[in-house]
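Each of the next two complexes has chain A plus one other chain: chain B in the first, chain C in the second.
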Partner chain A sequence: MDGIVTRETLVKWAPLLVLLVLILFFAVMEPRFISVRNMARIAIASAPALMVAVGVTFIIIMGSIDLSMEGTVSVSAVVFAFAFLAMGGTVLSWAWLALPLALIVGAVIGLINGLVHVRLRIPSFMASLAMGFVGTGFALLLTGGDRIRIEDEVFRGLLTERWFGFPVMCYVALLFLFIAWFIQSRTTLGRNFYAVGGGEELAHASGLNVDRVRVMGFMLAGVFYAVGALLAVGRIGIAETATGNNFMFISITSVVVGGTALWGGIGGVWNTLIGVLIVNVIGNGMVVIGLPGYVQDGVLGLLVITAVVLSTDRKSVSFVK
Partner chain B sequence: MSLERIKPHLPWITLLVLVLIVGIADSNFLRPQNLMAMVADIMPLFIMALGMTFAIYIGGIDLSAQSVANMTTVVATVALPTFGISAALICIVAGLTFGAVSGFITTRLLVPSFVSTLAIGGVAYSTAQYLSGQRALYMDATLRDNSFGWMVGNSFGISHEIFIGAALLLIMLFLQHRTTFGRALKAVGAGELAAVASGLSVARIKIIAFALSGMLAAIAGLLFAVKLSGGSPTLANGFLLPAIVAVLVGGTPLTGGVGGVLNTLIGTLIVAVIRSSMLYFEIDATMQQMVFGIILIVAIAATIDRSKMRIVK
Partner chain C sequence: MSFIKKFIEQEKVNRRNFLFATAAGVGGFAAAGMFGPGMARAAIQDPTIAWSYRNRTNPYWNEIVSGGEAFVESLGMPKDALVHLINEGSSEKSLADVKALLARTNGDLALAIDTNDAPNARPVVEACAQSGAYVSTLWNKTDDLHPWDFGDNYVSHMSWSDEKPAEETARILLEAMGGKGGVVHLGGIASNNPAIERLQGLKNALVDYPDVELLAAEPADWDTQKANQVMSAFLTRFGDEITGVHCANDTIAYGVLEALRAEGIEDMPIVSYDGNPQAVQLVADKKILATVFTNPHWGGGITAALAYHAATGTFKPSEEPNEHREFYGPTIMVRPDDAIEFKTSYLDNVPTYDWQDFWGPSNGQIQYK
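For the complex of A and B:
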């Protein structure tokens, strides 16, 4: 078998290859692209998206989908901002409690999401889409359309404090990426995600409580959305209903482009890192070489279709809806 | 009477009950002018939901409807000075094309429809941004009135938008009940594998269904652009949720196969009445999205045919 490039190896390494080719392409077109300054810019844009994408990766590994991230991010961000300001407005006071609170909010929304999906037996894409709408609506209700400014210098240090040219938020994202990797590969829950995604009936038959795994997955995803929300607020210093905007498209695109198959069981958080970087390198690179930014959505749309087509084993799929 | 026998009648009973509740709370609501204005106002949404019905009827979903409508508001505004009334044709063809491409990607390339339409929605959004130069555009009043004046206004005390909605409904009813396409659509919705086994070209039927969805989304965008006399890449934002709600509340389940365009009319009216009732009961407008999100969950849970799904993913 050695030396033969099979479809499997191609699919496995294609995302990394695409990323390298893209970086090379943009670097040749515009040398400034690979400056530390620009790399930091890409990393800053990637950090919140990476957290959200990592969250949904767990769900996609199970063969389900979660489209609630926009609502969850908005609610977590807004609740965090209100609590943060109410409890003192600086990380050095009791207001630091707002940080774990945001993660709990994310987990609770994920829990509701998972329960609606599992208990009411509604397909996850629709249950989560509806929950996302509810979330965005709830965030709007909380803010009444206002923007909440977070001006605490310690919290904004996420963006302003730089180590080796990269802001702290990039390292925070990296830390949570490692946590996600640990959950994925070193815990029973992480293994169970793959078991459910690889074959639900088999997982069920081997005594796995599939429903419980699903609900736990949605909760875990909610926590990571909340981390993404915190980084997004740290990045711009504002929490509002629109904080969650566009995360759905970006994160799903990232996960799929990174090589995690929509059918479940394949891929993981490292794929998602590659996917997020591909998406953000394209976005940044197009601006750097002087293409208008709005082409991005169209290009990403085509990219995601290509990625799904490539990752689909056409022999094993009879029909899709 | 068992629940299963009442179920098909639930949508219109819901509508009637809602109208009565709001009517009792505020008798102004039942004035014909008020009802007429409410119905005329909901027509762009109705047309989009009409298209969405086909996508959901075959067990899929069209998440690009809103982006396609957004795009056509821009296309209509940009094309109006050069093409006059033919701008409408351009919009319709654009919608058909985007829908057909979604359908092609779903059926031939085996990409689930929620991903393919999301991606095509991205393409539509980029197109709209490109054509509009990322600005809100306005139609020239005389040009608009010359070409599309007939779309807005009144005849016999009935707003023209209602005529347009009714005409489209009749065409789609005809398609659904009196053509082989309609029958084939039902076969695909009721059981795709059986439809394949009986020799139907399922892929073609599904592509047509998505193309119809795209076309009607485009017409909805066109009507909306004429109504507001302009276009922008975000003009129709906020249409997607109520459009899906309208289809599901009307009684076409997410699993497809039953319901249809007439159900969507009832569903859209339910959406309209709920919207106005929130106004009458002085419920904050910021709550609207949350309310519709919850209604959506309830509607899906109530209508979905669980016997069709062995595993719920």
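For the complex of A and C:
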């Protein structure tokens, strides 16, 4: 990769390029794809997934992995729904307290997740996967397999109220994306994520409490999963054990396709935004131009491989496990 | 693949045992093995009752198993007495769990099971028959596997044919559309039998409505959120051309309704399937035109009841006609006019069923194409 385009530049801008090419492709195949209404539809589909993906981005930057999102999303959604209905069933009553409660639930699950990983010295992959199962099981225990409907017009305003053609939930997601960006680039914690991901031994030797950073990271991720859960409930008006379904696949795929390296230290929340949009543009675009679903899965799989190939400097990796 | 390997090995062992036994001149023993030790000990006093299924996260399976629990309670036992074997969608685990339970109970077992996929039914049934346990299957089995080939031990198989009811809901939908316009179908997991049958039902009905175009049929994997996204994309692709939506089940319909609500569309004709309580309420509110109730609670209870009563000797399966051994489960069409009444009598208060009326609500012998 000599010449004007260096490998770094390519890696940095490839995801955005892919997104633009995809949008152009679908727009040429079907002009209606590019309409504001369809952009809003893609944004609605992306908003909950974006929150979950942003959460896991922090973990992946640290070079760890978190697979607990499905369980965390389900538990947060279900606890929110029960509390919301118990306290009045409308945002205009004390039931609004259910919103911060959901975030606290997310944080607590993240905290337990982090502690299990750090204190018991279980790889994050296994610890979080197990916590995810615990979460799904707990959500099932709470609901007994039932769905809880949230009918409150004010809360459902997340979906039905539109500003400039886009529902409120899209702006909420954008707000939290900025918060995530702020944490990532303007706080010590955010810088520490990169330090741990870039070289854990070095960070440790420099006096950084790596364990504490890890636990904080998992807690923060849990909060973002809970935001994702709230938006998911806002979108379909139902909280159930299945609310968390598919979020693992979508969020990890998005983070990787967006160019955040699984080895840690590279990438960030803007990459994740691009990644989530790529995944959802494909999901929407394939149906819009009338390609069958299995092609969609195949294309996503190829994109993941391409993204990992691009974001990996193979000279620095002596073996792959 | 290891499942297939295990299956082949097990088949080999069976055959070898049979040959050894015959060679040793104990053909009688082998014959007893073939026709089931159930004949030798017709009644098990107090069999363990078990339900083997996917998991409880799915509302449908939750209903099935609650029926199993209701049956166990009707025997005067606590509902914990029902043993749950949860396969999480793995045929291999399903078979392994059954074998473990057979070993533990020494064959004193009344098993109700959905074997997860059709090929897995044979090894499960054979393992049960060999240990003298009694098994009733639901949904999955291959067409060449029949209860009457296993004496008393393979008690019964129940399934549903969804093509006819799905065709009926489609006709209701197409009438509501005024017999013209465009319809989209959101289906289940593409390879699932019910998903295929429900789409076929729509296609059958469309033959009589030449002015209605099937715009697209896309799998939504029985999932509310996936259905929500697919419906959104359909709205981009077809816009106002869509004048009706045919959903493969209720969970899909919820996602479709919310996708329409996001666009401010309130009066789209929609039909669905399964008759979940919330869907029935939506039918009563005229948000959904029709859904089909398959009474999973009864299905789950009666499947366990059949296995139990065959095991304890209340009835002798081999003396029953074939239509009592392979039969279709019940289907009830729910329309806006009768939705409220249906909801009070079937859903709000789950009826107390007579778990010895094995075939009353069933729908005739299973037909193979």
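As a working rule, the second predicted complex is superposed on the first by the 316 of 321 C-alpha atoms of A that agree within 3 Å, B and C clash if a C-alpha of one lies under 4 Å from a C-alpha of the other, contacts with A are read in each partner's own complex, and residues count from 1 in each chain.
Criterion: contacts are C-beta pairs under 8 Å (C-beta built on N, C-alpha and C of every residue); 3 or more make two chains touch, one makes a residue touch a chain.
Model, not experiment: these values are computed from the prediction.
The superposition on chain A brings chain B into a clash with chain C.
Contacts of A:Gly165 after superposition: neither chain B nor chain C is touched. Contacts of A:Gly145 after superposition on the shared chain: both chain B and chain C are touched. Of the two partner chains placed by the overlay, only chain B lies in contact with A:Glu201; chain C stays clear of it. Judged by the touch definition given at the top, the superposed model places A:Ala127 against chain B, while chain C stays out of reach. After overlaying the two complexes on the shared chain, residue contacts for A:Leu262 are found with chain B alone; chain C is out of touch. With both structures placed on the common chain, the touch criterion links A:Glu30 to chain C but leaves chain B unconnected. Contact with neither chain B nor chain C is seen for A:Pro100 once the two complexes are overlaid on the shared chain. Annotation for chain A, partner touching more residues between chain B and chain C: B. In the three-chain model built by superposing on chain A, chain B overlaps with chain C at stretch 111-119, while the rest of 21-29, 39-47, 57-65 or 111-119 show no clash. Annotation: chain A residues 136, 140, 144-145, 292, 294 touch chain B in one complex and chain C in the other. By the touch criterion stated above, chain A contacts chain C in their complex at residues 30, 32-33, 35, 37-38, 41, 44-45, 136, 140, 144-147, 149, 159-160, 167, 232, 235-238, 241-243, 245-246, 280, 283-290, 292-294. By the touch criterion stated above, chain B contacts chain A in their complex at residues 58-61, 105-107, 109-116, 118-123, 125-127, 129-130, 134, 192-193, 196, 202, 241, 254, 284, 286-294, 296-297, 300-301, 304, 306, 309, 311-313. Considering their complex, residues 56-59, 61-62, 190, 216, 218-219, 223-226, 228-230, 232-237, 239, 251, 254-255, 258, 261-264, 278 of chain C touch chain A.
The touching residues of chain A, counted against chain B in their complex, run 63-65, 67, 116-118, 120-127, 130-138, 140-141, 144-145, 200-201, 248-249, 252-253, 256, 262, 264, 292, 294-302, 304-305, 308-309, 312, 314, 317-321.
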